[in-house]
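Here it is, the structure in full.
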Amino acid sequence: MTKVELKGIRKSFDGTEVIKGVDLLIEKGEFFTFLGPSGCGKSTLLNIVAGLEEPTTGRIYFDDRDVTDLPPPQRDVAMVFQSYALYPHMSVFENIAFPLRVRKESHHVVEEEVRKVAALVGLERHLAKRPSQLSGGERQRVALGRAIVRRPRVFLMDEPLSNLDARLRITMRTELKRLHRELSITTIYVTHDQEEAMSLSDRVAVFHGGRIQQCGPAIELYRRPANLFVARFIGSPPMNVMEARLVSRMPPVVDVKGIRVELARDREFKDRMLAGIRPEDVELSSTPSPSMVEAVVDVAEPLGVYQLVEIVYNGSRLMVRTELEDIRAGQRVYFKLIPERIHLFDPQTERRL
Amino acid sequence: MKDRREGYRFLLPAAVVLLFVTVYPLFYVFWLSLHRRHLIFDISRFSGLENYAFLLQDERFLRALWNTVYFTVLSVGLELVLGMVVALSLQRAFSGRGIVRALVLLPWALPTVVSARMWEWMYNTDFGIINYLLGVDVNWLGSPFWALNAAVLMDVWKTTPFVALILMAGLQVIPRELYRSAMVDGAGSLYIFWRITLPLLKPVILVVLLFRTIDAFRVFDAIYVLTGGGPANTTETLSIYAYKVLFQTLQFGYGSTIAMVVFLCVGFISVFYVRLLSR
Amino acid sequence: MPRKPRKRLLKLASLLFLLAVALTSCQTEKREATEETVTIVFKHGKLAGGPEALRAILARFEAENPDIKVKDEVLPASTDEQHQFYVINLEAGSPEFDVLSMDVIWVEEFARAGWLRPLDGIFPPEEREDFFAGPISAVTYQGSVYAIPWYIDAGLLYYRKDLLEKYSMPVPRTWQELVSTAKLIMEKEKDIYGFIWQGKQYEGLVCNVMEYMWSRGGGLIDEDGRFNALKKENIEALQFIYDLIHTYRVSPPLVTTAMEETTRHIFGSGRAIFMRNWPYAWKIFEREGSAVKGKVGVTVLPAFEGYSSAATLGGWQLGVNRYSPHPEAAERLVRYLTSYEVQKEMSIKMGYRPPRRSLYEDEELRRAQPFIVELYPVFERARPRPETPYYMMITQVLQPEFSAAITGLKSPEEALRSIQRQVEYILKLEER
Amino acid sequence: MSRTLKKALNWLVLCVVVLWSVAPFVWQIITSFKPSAELATLPPLLPASPTLDNYISVFSDRPFGRIILNSLVVASLTTVLSILVGSLAAFGLAVLKPRGGYLFLGFVLTVSMFPPISTVSPLYIIIRELGLRDTVLALIITYTTFSLPLTIWILTNFFRSIPRELYLSARVDGCTSFQIFYRIFLPVAAPGLFATAILVFIFAWNEFLFALTFTSTVRARTVPVEIALFPGVHEMPWAEIAAASVIVTVPVVLLVFLFQRRIIEGLTAGAVKR
């Protein structure tokens, strides 16, 4: 198990800075995720950890040893690529055995290790096949197997599930979690899928514009997003964001598009703010009630356990998640924002208030 | 189904042209090769396989066959190795890539006749720049030892860029992640080259080899202009021998026999490579 | 949007096609355009002294024959390529040229193929007697003449008078003398080649080699007319040529790629003592500004001890294309170009050697070109290469084998044996 | 190996390659400006008194203009014809997929391997019989045929890469196959056509063997033949040859510089994709 530390990492390509100063400490055995939209620099950072790219400035430490100048082979990391990067001209067996062959392991060691790993990832029956003869999920397993067989200090995974279909992705997610528990090797995982990040990781770092926006356990990111970007990025469907105005300080009341909400006193306020509320934090009812506001359903998407409903009131739209089943498009509904679930952001800095 | 039948109509013009201008002449040449035919003196009689039998005792033919094989193997081998070196070192992106590619393409695009003239002048014993720069007095095109090698060098100059460009295109098709993955797995560059690059490039290499081998085997213009086959026929290839027999003395029978041999050899070469490719 | 460029493309294509058709037809049109005057095409190799001199001669012909226009067209440099041009076109019955100039060795072949118009009518036997015997025999095939000699050539030995005088050496009469003289001077002078000649694999090499064989009493054809290459004299001659380069080292290896001009340049820049070449070089050496002006001597080629010198006959003949649409006009041009007057003019102005004996008595020529007149005995003795319609096939065998022998790729004996075998196969072609 | 060293090495290889490719041509250009007196002396490398005489005499002493015209006509007509016939066949193969199409493609590939020397003698006889000897038409027909395999191969690949939906939707809209061919596929495949056209043009511009055999006078002689058969008395007029070489290389150089990307696309289309 290895602790990974990044200090002041910056990286420029042809004068454009894509990573603008990253400091991170990833604990031993931790499952750590870099989350962010494409182009945020997360993959580049992973490549820097792997040694495939050099940071422009900054140092990388594995267990307090500076590895910045070591080439990839000497870092003892294993990497799983989005495209799996399987060698098309080798059998599954040879693919998994590749890292061992590089290390010139003896014949029977290779044989034994590969079989062990193949059992672990459920590929015993496919060892003689070529990658082109495998399904997407099986290829994914080969890539994993090839990473595992190394018993590396650090696992690096670059969007390993994004090429799979939705159902398989969920299965593999569970499997990854199981593998991590069994092997407990420090893992850095890159994804743009917030759900994946939340379900897998011990901690998540959200990247945007080459910077870490927030870093912490997934649930904390969800509950207390540090800024508007994180708030919008995490959660599906995304948080509703509306303009809000402070109408009185004592007690604190804000006006969100004409709806007055009284908030707890221990919060910070500004005159003009942005208010965010997650779809599940809006209470919906099909019968009128004095504390609720009237709106019209524009679109209703029944999803089984719950419905996603887009409602229109006062010219603005709001996405709501509800367990009510009898909501139809065009229908009048009544809703209420749950005050303690309202997030407030500074409209200038976009920071959480 | 209507589509399919219509398809034939689209193929028709090409098929007619190809049949008339390539396939028919090929049968014709075979027919000619079974004759003693001497256009100048209007001699023409069927002679069966006599011409083919004479091939075996025709020293000049055997010499030409050997020259052709030597030229082909040496130039194609060199072009492949050098082309690979160039391709590997140029595959990274760099600024001015377009201009460099154009410059590198230049030798390939020049008329072979022009490049042969250029090299003939550079090889000139007295006034040639090669001897001047090397500070030697080598009779490049005149000595039996150098002449064929000089022709090989010219061919290498002319086609290495072509080989390199095709190999480069082949390299670019290989996903970079395969290299990265191998690197992370601890493989050194040489190991990656042998175990990943080379096997994955194999189809492209074979295609290049196929093209180049066939091209080199039927070489004509370059040597015809550079040395005309001399000295002492040490640079006379099969195509040149066939051409001389055909058109300097209009012996269409025997000339066609040699031409037929060139065709058969090229056929064997193609079958050989296509076998390797489809394996 | 896609319509316009397509139309333009179509237009361009049809335009190009019309142009191609026009190009295809315009040549023939031109030739049949006028009825009163005919245009005849005269094909020849590039002549020394630039195109103007010949043009002047042709202009006079046109003035004398107002109904004839002459178009002269220059052929490629190498005689092999010229031969190929003629063979391909004549075989195809091409009427595109009327008068052609031919190397001595081609006339029999072309006559045998039936491509030439017999010229017995315009070239009567009495007139033939004035010509040297060599060229006349070269243009005669089965009793008829098929061309008229235009000018004549023979191999000569050029030497550096000044250097021979400086070391008081005599002009060599035998090959051995040439070798020792060259060696002696090469030791004293720096950076100078001993003896240069034409050794590239082409017809010139055959001319060179024949001279050694003949001056050793050898040759390729026996007295009974049989082809016989493999004999002691020929072996020795070939061996001697090889030795010139590799044993005596008086000839630099570059001779094995040299043609006439290569050697002429080297000798002309003063970098060689002896050179074998045709007479044309003389005039160039004597030009103003030449590095060797006044330092060059010319003589008959040496011979082997106890044998007499021999020079290969060269030169060009004019004939009429059998397929010429204007044979009379063509014959008139041939007559004119080979007339006493024109041959005299070409000798005086351009330095070409006339094939008519009587011209060597001509006072004017004697005065203007004493050098040419001195060559009379050389021409008288010049020997033709094997006279056979199959010469071009035979020389295809000779060239590479001779080349192999002088570069040491084969021993002289091997080369000659191979020649014998291959030529016998060729000659058998007709017998069967 | 450190990265900077690697980079330096890359640059070194790059420079060597470029120099190696260009140097002979540069030397030819230099030679073309030398008066013939300077040819026989080295050093100096550069002409002491540069002259345009060689260029002038190329045009004044011989029908070089006409020969260039011949070559231009031959090369452009060949290009047009080859693209015309070839794109039809390629469309048929790639889109209409007739039964036995693969067989035909195989046949085309086989033909592309035919050595020219193997067919030159019968073609010569045929052309002579047709009375086409020494015409540009003979060359155009031959070149078109010999460039067809390349054209068909490249264009089939190009047409295949065009989504089949395009064809199907045009069919639904009521187009005939031929309309689909020239209204939709030709314009869409324009880059491919262009790449192919350049390759065919270069091939036709450079071809030597057939041109040497089928032509005999300025009426149809092309540039490579003229350069190979440059007349001289006994000598090679090197400077003039150099000048002529430079002149005839200009179109090729232009094509290469303007369209290197397309050329490489065309060249690699067949080899790499498979």
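We call the chains A, B, C and D, going by the order they appear; numbering starts again at 1 in every chain.
Going forward, contacts are C-beta pairs under 8 Å (C-beta built on N, C-alpha and C of every residue); 3 or more make two chains touch, one makes a residue touch a chain.
Note that the coordinates shown come from a computational prediction; the quantities given were computed from them, not determined experimentally.
Trainee: Report which interface contains more C-beta contacts, comparing B-D against B-C.
Mentor: Pair with the higher count of C-beta contacts: B-D.
Trainee: For chain B versus chain D, what separation do you get between their C-alpha means, in angstrom?
Mentor: Each chain's C-alpha centroid was found; their separation is 16 Å.
Trainee: Between chain A and chain B, what distance separates the C-alpha centroids? Give it in angstrom.
Mentor: 56
Trainee: Let me have the rounded angstrom distance from the C-alpha centre of chain B over to the C-alpha centre of chain C, please.
Mentor: 36
Trainee: Two or more other chains touching the same residue: where does that happen in chain B?
Mentor: Within chain B, the residues that touch at least two other chains are 126, 247.
Trainee: Would you please write down the residue numbers of chain C that are in contact with two or more other chains?
Mentor: 88, 262, 265
Trainee: What's the complete list of touching chain pairs for this entry?
Mentor: Every touching chain pair, ordered by label, is A-B, B-C, B-D, C-D.
Trainee: Mind listing the chain B positions that touch chain D in their complex?
Mentor: Touch list, chain B to chain D: 3-11, 13-15, 17-18, 20-26, 28-29, 32, 85-86, 89-90, 92, 94, 98-107, 109-119, 121-122, 124, 126-127, 129, 132, 157, 161-162, 164-166, 169-170, 173, 189, 203-204, 207-208, 211, 214, 217-218, 220-221, 224-225, 238-239, 242-243, 246-247, 252, 255-256, 259-260, 262-263, 266-267, 270.
Trainee: Going by the contact rule set out above, which residues of chain A touch chain B in the complex?
Mentor: Within the complex, chain A touches chain B at residues 47, 50-52, 71-79, 81-83, 85, 87-89, 98-99, 102-103, 146, 150, 156.
Trainee: Quick one: in the complex, what on chain B touches chain A?
Mentor: On the chain B side, the touching residues are 175, 177-178, 180-188, 191, 195-196, 199-200, 202.
Trainee: Can you name the residues of chain C that touch chain D in the complex?
Mentor: Listed in rising order, the residues are 2, 6, 9, 12-13, 16-17, 19-21, 23-24, 27, 45-48, 51, 73-77, 81, 85, 88-89, 92, 94, 96, 259-262, 264-265, 269, 280.
Trainee: Spell out the part of chain B that touches chain C in their complex, as residue ranges.
Mentor: 36, 38-43, 54, 58-60, 125-126, 139, 141-144, 228-234, 236, 244-245, 247-251
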